[in-house]
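We just call them A, B and C in the order they show up, numbering each chain from 1.
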Amino acid sequence: MIVLFTDFGLAGPYTGQLLAVLQRDAPSVPAVSLFADAPAGMPKPCAYLLAAYAEWFPAGTVFLAVVDPGVGGSRRALIVEAGGRRYVGPDNGLFELVLRPAADPRSWEITWQPPALSASFHGRDLFAPVAARLAAGAACAALATPVEPIREPGWPDDLAEIVYADHYGNALTGLRGGSVPPAAHLVAGNRTMAPAQTFSAVAEGQAFWYVNSNGLVEIAVNRGRADRELGLAIGSPVVVSR
Amino acid sequence: MIVLFTDFGLAGPYTGQLLAVLQRDAPSVPAVSLFADAPAGMPKPCAYLLAAYAEWFPAGTVFLAVVDPGVGGSRRALIVEAGGRRYVGPDNGLFELVLRPAADPRSWEITWQPPALSASFHGRDLFAPVAARLAAGAACAALATPVEPIREPGWPDDLAEIVYADHYGNALTGLRGGSVPPAAHLVAGNRTMAPAQTFSAVAEGQAFWYVNSNGLVEIAVNRGRADRELGLAIGSPVVVSR
Amino acid sequence: MIVLFTDFGLAGPYTGQLLAVLQRDAPSVPAVSLFADAPAGMPKPCAYLLAAYAEWFPAGTVFLAVVDPGVGGSRRALIVEAGGRRYVGPDNGLFELVLRPAADPRSWEITWQPPALSASFHGRDLFAPVAARLAAGAACAALATPVEPIREPGWPDDLAEIVYADHYGNALTGLRGGSVPPAAHLVAGNRTMAPAQTFSAVAEGQAFWYVNSNGLVEIAVNRGRADRELGLAIGSPVVVSR
């Protein structure tokens, strides 16, 4: 399976063009869009989201991961193999958190060249064809050459910031559940929150935190939108009060 | 075919994870998202929407219908068979309007257990695997045990409220076309509206009502957004003035 | 492949119903949504978008192109063949810019009749079944009769207006790159912009223009939203200052 992780949006022309390329180049491989609204142009929060959500997918999955504010500049184009999964996308830190915990990660710089490469849409012209070829069975070595990717040692293992707000207004942090004591309080948007197991365990309008279904600490308001009511956005700090 | 009816949103991670599960567990069954923006956390308006839109699909269709504010609490997980179609989702009234008119409806409580069940995403962990198994040929009795679902006798057959606002700002009611006299006026958002057959039959900026392509009474403004211009939201009352 | 170009939105019920029809009537043909948020009810800007984006797809592609404010009225339903691609949709100017440059364009009025035709959703009831039949191998002559479509000779070859704002807030014009001198400045939203090759070539917050990956002149702000910051919307004029 090919999984899309991008900031391209679903409705406009970009995801459709990616899917058309994947269909053309790997017609028998199913493709699913996981995120089309990853934090736009922000590789750092995206790196935490990608690592948390990729883990749910089985070994062998190919991720087409494109959050690429430097497109058209000098940043390299990568294939990364980590934890049995492969990732195709830009060399801008996006893969830091999948690389870091992996036992034997490997990285390649893409050398395969498309017949035509636009300056602004490498997702369609470069990354999607490479992801399709990998998913259809091509070897990394046939498309790319080993490289040492940019690493971000200064980025923490767990990021105490909001990294995504979902369709319901729930605010996901870059903190994995295991990094926060189960009874800790969180402070975000000037509000202090206790943990709760489920929405129905707290009163209507109350903010709380829990470990979401992909292992990240998430802030929600029962029957409300945490993002608006607490004034949270990508990058808003979260403090763990033990 | 498996049809998704949820309040999960399309762009974020939830619908993609559902589709990945369906692909994994029923790879040869096509899956289509019908609604990913059903009224969030509101089983009542969703029940009217689901009933109206399900009817268009052929017998044999499996609906993965997840609007589930009580996820993680004690609400039961259901399979419902009604009108030749099957529905998988929470026991919270969501299936009231498909059950009510059905000749011989049947319901089961899901007993199948996934290897891992998160507290907050039964759509992915429980309902999608069950829908996939049903669509791939499993019998209800192999996954579930007969049960009497929660019924909502107080909900009317036709709901005189807004149940959805679409991409154009058209406001759908829970009234079926046959329940409203063809020449009746509607009052909603302090505006009185006559019926019209098509958008082009009324002046620009004029509000009108019609029976939409799925049989529900819908309020629109020619070349405008009825939701904003009339101040309509989910739950806004509609009065039929005969 | 069948490519969807509509103003229906993705999340609501319309695109899902189109995809269900295509799956039913042409199960072996992949379908991809290119635009579900084309300018709502505005065939003119859509005509420029469609022409620019269709060109990227190979010959043989069938476009299901539905931007149809006159649905239910007297406008005709068309099949158009131009540049080796076929288009199915309403006769309201939407195909003007694919017809104009084509060597030997042909048009047909659809005569095929569905078992049931709603007044407001010809996309589902008429256009999608016809697109599916074409993609599955039916001849145009079996579904339609030759016709002279409405032409719009007053529409320019290149439209100096905003025709779309994407997920990032970049504003696309109806100007093809070749129609604007490479060093020209553009004036839009009271701002004068120089061209740049990539986002990273300009300072943060700076507006610039470039030729996008589908050949249209596009206005962007590095790390910002051009639509909001420059006050641009569909129809906003753009002046080329040579």
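Rule of thumb we're sticking to: a contact is a pair of C-beta atoms (placed from the backbone, for glycine too) under 8 Å apart; a residue touches a chain by one contact, two chains touch by 3 or more.
Model, not experiment: these values are computed from the prediction.
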Copy-to-copy rotation for chain A and chain B - C-alpha atoms, rounded to a multiple of 5°: 120
Proportion of interface numbers common to chain B and chain C (over half same, under half different): different
Approximate Å spacing (C-alpha centroids) for the pair chain B, chain C: 30
Multi-partner residues of chain B (each touching 2 or more other chains): 9-10, 37
Complex contact set, residues of chain A against chain B: 1, 3-4, 9-10, 30, 32-37, 53, 56-58, 164, 166-168, 197-201, 210, 212-214, 223
Complex contact set, residues of chain A against chain C: 7-14, 16-17, 19-20, 23-24, 27, 37, 40-41, 69-73, 118-121, 124-125
